[in-house]
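You will see chain A twice below: alongside chain B first, and alongside chain C after that.
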Partner chain A sequence: MRHTILSLALALLSAPTLAALDIEPLARTCNGCHGVGGVSVAAPIPSIGGLPKAYLKRVMKQWKYGERTSITMDRIVKGFSDDQIDALAEYFARQPWVPTPQPAAEAVLAKGKAAAGDTCRDCHGLTGNDPDVDAPLLNGQWAQYLELELMKYRSNEFKMPHRKMKKAARDMKPDDVSAAARYYGAQGK
Partner chain B sequence: MDPIDRRSFLKSLTAATGAAFLCIPAARAAQPKARVVVVGGGFGGASVAKYLRLLDAGIEVTLVERATRYTSCPLSNEVISHSRDIQSLQTGYERLARRGVRIVHGEVVGVDPAGKKVSLADGKSLDYDALVVSPGVDFNYGAVAGLTPEISETRLPHAWKAGAQTLLLRKQLAAMPDGGRFIIAVPKGPFRCPPGPYERAAQVAMYCKHHGKKKAKVLILDANDSFSKRPLFEQAWKELYGYGPNGMIEWVAGASGGAVEEVDADAMTCRTTFDEFKADVLNVIPPHHAGKIAKTAGLVNSGVWCAVRPDNMESTAHKDIYVIGDACAGGDLASNNPFPKSAHMANSQAKVVAASLVAKLNGLPPPVPVYTNTCYSVVAHDWGFSVVHLYRVEGNTWVYVKEGSGISPVTIGSGKDAKPVSRLHRKIEAQYAAGWLDNLMTDAFG
Partner chain C sequence: MVGSAKAWCAILLLAGAIFSGTAPAAVDGAAAAAPAIENHRCLRCHADQEEKHVVRPDGTQHNIFIDAQKLEHSVHGKVACVGCHRDVTKLPHAKPLAGAIGCIECHKQEAEKLKRDPDPQKRERLDVVLRQTDSYLHSVHARPNPKNQAAVNAACHDCHDAHDIGKPGTLQRKEHRLKNPEVCGRCHEKQKNDYLGSLHGKLITEKQDEKSAVCADCHTTHAISSPKDDPAKLAITQNCGNCHENARKTYFASYHGQVHRLGYTNTAKCFDCHGGHDIKDAKDPTSRVHADNRLENCKNCHKNATASFLEFQPHGDPDNREKYPWLWSAKRFMQALIVGVMAFFWLHVLLWLFRELMDRFQGKGFNEDLDRPDTVFYRRFTPAWRWIHFLFAISTMALILTGTTLLFSHTGWAKAVVVFLGGTQMEGIIHRTAAVIWLAIFLVHLAIAIINIWRKRKTFEWFGGTSLLPNWKDLRDLRDMFKWFFGLAPRPQFCHWTYWQKFDYWAPFWGAAVIGSSGIMLFAPEKTAAFLPGWVFNVATLVHAEEALLAAIFLNSVHFFNVHFRPERFPMSTTIFTGAIPIEEFKHDHRMEYERLLASGELDKYLVKRPSRRFDLVASFVTSVLIIAGLTLLTLVLIGLSTAK
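Here is the complex of A and B:
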């Protein structure tokens, strides 16, 4: 009898709890700017579907707690609970990574490949599809977005807490920044 | 079904691809599980049609829209300033059709909520199990003496629905002499795109500054006493174009007699409570109300707008009819944070309706609604900013979530330590604006 009451109580409790944790309605609101499944069709805005969970979690929490400057996202994530952020990171990490290879001139690609080999390869891989566990994929990410993000790393106006990334971005020559962004943007799977 | 089964069913149902339901055999698909009719093919209507099909391809979705092409209002001020081609804001309905949305190009002239039927101008009718009305706004021309739809179309464009009037205003701006006066008459709110008139002022000033019209004036005659993103606009106007009686842009508040009451298209003048102003270009935006069909259908029950339920946007006037987009009155009215009438807001409301309808039609528990808005304004090629909004529903009322809302920073830090926001920040935001539009258009129409 006690057992029955307990399971009944559990059943009653779990229905609304599960509903409250359903992240898809919230995840769907991200599609407006980042595309369905986190596949952006717009060059200034990153694709986020398929990025590593650890990376997505970390940046969203850094924005939320004022440790990292963003342009728009740091305002948006402050309205989400830590649990929602974790669930969003898990949701988007589960989506397939869809590279959008963007054409670039041969000379730019060669220059970008050299810069990527010198500076980016260690954490992101030479074609950007083999990153460290908490580093983002770069293959077929939008080059315009990558360049804007690198400008933030190179500027003193933005709080960018990843020291290794900051140093790497600042050590690059301005030409190499743009070439590396285009090189990674040109990569496919 | 125990709760766990329901949960996994719901998850497969809401998978981004909707793959689970694309497998329904054709014989079963021929007998839809429900018929949903969507009236109006703007951001709201297109988004709800798409998401219904994404979440459950067993639902038959019919979208009724007069036009075969849609022109986005967001960023159409860049067309006026010759910074953007209008084609870049246009899309058709082919991609929605490929998703299985039945597209009917026609006009809904009547709604029978009891018989669950809409009638079209060509005499045909459509039965529905659920109806989504997303009619946008219509204009109250009678509120401004001397203004008629014909005068707006030919001489004093409002250009508040992107299209022919946007192009007319663009032509008028190009033809304006140096030293000319461009007047923007802003109606009493709420109106579509709250930051729109002020972004337009900046875009017009940008055009004048770079096209040999440095002595031009942009005069905003406003029926309201404040406006959206005001500190950001005033900062940018001042820095880029000069703001105030000696600057290129000047703003007259409603309390200072800014409300335009009468226009004379022959004399090119407009009259406010206190003054008469002569213009070279007269951009008069009339007050708005919910699109005509909302009134015909008996859905207008909150002033000139349609009241809806917070959990699923269902009309409070009629069951099984949902009103989304600019025509609805929603949001946290208690804290004076209503839903802004924006494309992104309509897109977000559409997703709430789609998820709620799909759950209901499949006998599943209602999803937890969340409403978001992100809206960018571009005041120069390299200067943009935005506002974000987040609303939750608690105890069947909307709650504006302040922590997840707000405008771009005006300064970094505040008080004595305040530093200006870097130009790089503003430049990145101008680029995000263009990207936001492309992704939002694709999320709705793609």
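Here is the complex of A and C:
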């Protein structure tokens, strides 16, 4: 009897630790593309460590349930349960956001700042480090990735469910898309 | 180096802006010229037709939609969003917003700015807003909420959609009015449901009739107090009358309304009979004023009300001949009586004054030598009559004061008097006590008079010189007085009683009949209604008041002149209190009686010594007090009459 009680107590006490330990190996599988701690080192792949939990959760579920187009991510997340997605979102949201500022020509930065000021800043902040509650940080995000994402929003061929984002991206001039992406990519902390 | 120069320029510009009071980052008032965040940026999300609601992290859904077109046309159309939402200093902003919106502070600041503006029209609406704000701050809505004392019961934005406040006369304004029950109903749900089933509510919801009463019309928009308190009850009745003007007029003319207008609510008010939120048409069988339900209504106050109460017209209008012929006739009769009596006697007074003054200028007429006053007096009144007159005068004045306070409840003096007396209930007690004394004295006097006549029945001449019954000589005296007024004949000589004294004597008989009988009916309405129809209360209220007015004006002007103010007597006669009249004055005023007594040898029986100095002083004091009281009452009555609407 005493052994049963001790075993139960141990099991209860170790339950949270077990859960945390459970998501670590799964999260480590993301490192291959998104970098250690979600800090990407590849221009077409976004950094995800430190992004808002709600954003991460939403995007992964949209991929899983076919609401959002992706080349690879939809196939990957389909292998995760909703609980695992939630846990992954929570895990990466806990990581610090590490910007990767990328240099750009001053003219491009000025053009990009103007475009960001017109279109992006009300949700993402002017330097991308002060976004709305469920919007991703953009400062020091990879510019190439940002541009690709904006292109997807502007295209009719991709399912991109964020209505406001779609409208904002489509309202931008083609030149501004690239400039805005480079401007945010150039921002540091 | 270049960067450093730019930084210095920026610092200098910022410093200059701060010292000139126009810091670019600061939002100086709601109408700042260049807000830190332009409205179109806010409206990008908030005017999004396709995403009117947001779900907050706690799972609650919130409507964040603002109709951009309505905002543009509202009085705040040119105001920056961040001028009111001052905690929004950047976008994206915190959700939910942390800070409260200071409508009052902003309006005050704007008013302060416009104080120096030469165009007063710019302030006109703002002044209205400030007045309403002041009312709000004293209202029940501005008090701490019992469930959360950090919040008020209702703040500005609970009732006003600040993004949709129309200018007067606009469609927005009309829409806001029609939405009023809905807005109030967010907190006052039961009242809203009652209202929506009411006559007023149906006109609003079914016919969009903006003229129908909404919550604010009765409860006021901002000076809202608890409906259990007197100020709310008084305001609501007044406000009903803003639309139902004639009903208010007739109500205020009734006893219920008079008490109410004095500022007391222990009487039937509009909503006591008609209902409040659930008010219905009188033809509706569920209406509280429907013929089948009205008696129950009356019984709320008049426990023993009989079916006759149904014939009482709470809004009886004496000027409406078609609907209330009895009341109309009673008013016409009483007014003719008042105008006739007063016109005749005021003319009598003026002519008399004229003649006596003319006689004085010509060195004629009776002029008492005050340096050598009479030492011999004629005993005109026994102590019993003197006491009767004294008590009669006191009770009459008490009746006039307490009665006219109700009758002229619209005046400031009436409101002050009723407070001084201790309220309407105390006033009623005083009035009824005085009435009982008045009537008792009248009956005692009648008994004494009958006994006296019975004792002298063998010799009493019913139409003789000592009788108070009117006779042909009175008519001749009246004719001759007018001749004297115009200098066409000498002053007539009178017996024991002159015709004006007989009028003064007989008038209370008529008064006792009219005021007494109507007063008793009103005193005991339930008993009266057991054998009389309800409409007699309407007539009784009217004639009681009109007859009392006649008495008040007559006694305090004509009677005072005849007895005290005519030059021969001025400033007063104390005979009614001393009982004695100087012999010379008696000879002048009652020459025929004097000669009759002299011839019969009875005069000596009535001759008395001059009243003692102390007695004379007491009589003068009492007479003075009563005269001053009477003149004060006359003034109050005339103020009431001249300001009546």
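Basically, the second predicted complex is superposed on the first by the 170 of 189 C-alpha atoms of A that agree within 3 Å, B and C clash if a C-alpha of one lies under 4 Å from a C-alpha of the other, contacts with A are read in each partner's own complex, and residues count from 1 in each chain.
Here is the rule we use: a contact is a pair of C-beta atoms (placed from the backbone, for glycine too) under 8 Å apart; a residue touches a chain by one contact, two chains touch by 3 or more.
As the structure is a computational prediction, the values presented were derived from the model and not from experiment.
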Superposition on chain A - do chain B and chain C clash or fit: fit
Which superposed partner A:Pro131 touches (first chain B, second chain C, both, neither): second
Which superposed partner A:Lys173 touches (first chain B, second chain C, both, neither): neither
Touched partner set for A:Arg121, first chain B, second chain C, both or neither: second
Which superposed partner A:Leu26 touches (first chain B, second chain C, both, neither): first
Touched partner set for A:Lys164, first chain B, second chain C, both or neither: second
Partner chain(s) touched by A:Lys189 [first = chain B, second = chain C, both, neither]: neither
Broader residue contact with chain A after superposition on the shared chain, chain B or chain C: B
Chain B versus chain C as contact partner of A:Phe80, first or second or both or neither: first
Contacts of A:Gly35 with chain B and chain C, given as first, second, both or neither: first
Angle at the Cα centre of chain A, taken between the Cα centres of chain B and chain C once the superposition is applied, in steps of 10 degrees: 170
Shortest span in Å between Cα atoms of chain B and of chain C, once chain A is used as the common reference: 27
On chain A, positions contacted by chain B and by chain C: none
Partner chain A, residues of chain C touching it in the complex: 41, 44-45, 48, 50-51, 57, 90-92, 95
Of chain A, residues touching chain B in the complex: 11, 14-16, 18-20, 22, 24-26, 28-29, 31-37, 40-45, 71-72, 75-80, 95, 144-145, 148, 151-152, 155, 157-158
Chain C-facing residues of chain A, complex: 54, 121-125, 130-133, 135, 163-164
Residue numbers on chain B that touch chain A, as the complex places them: 2-4, 6-7, 10-11, 14, 16-17, 51, 54, 344, 347-348, 351-352, 355, 365-372, 374, 386, 388, 390, 401, 403-406, 408, 412, 421-422, 424-425, 428-429, 431-432, 434-440, 442-443, 446
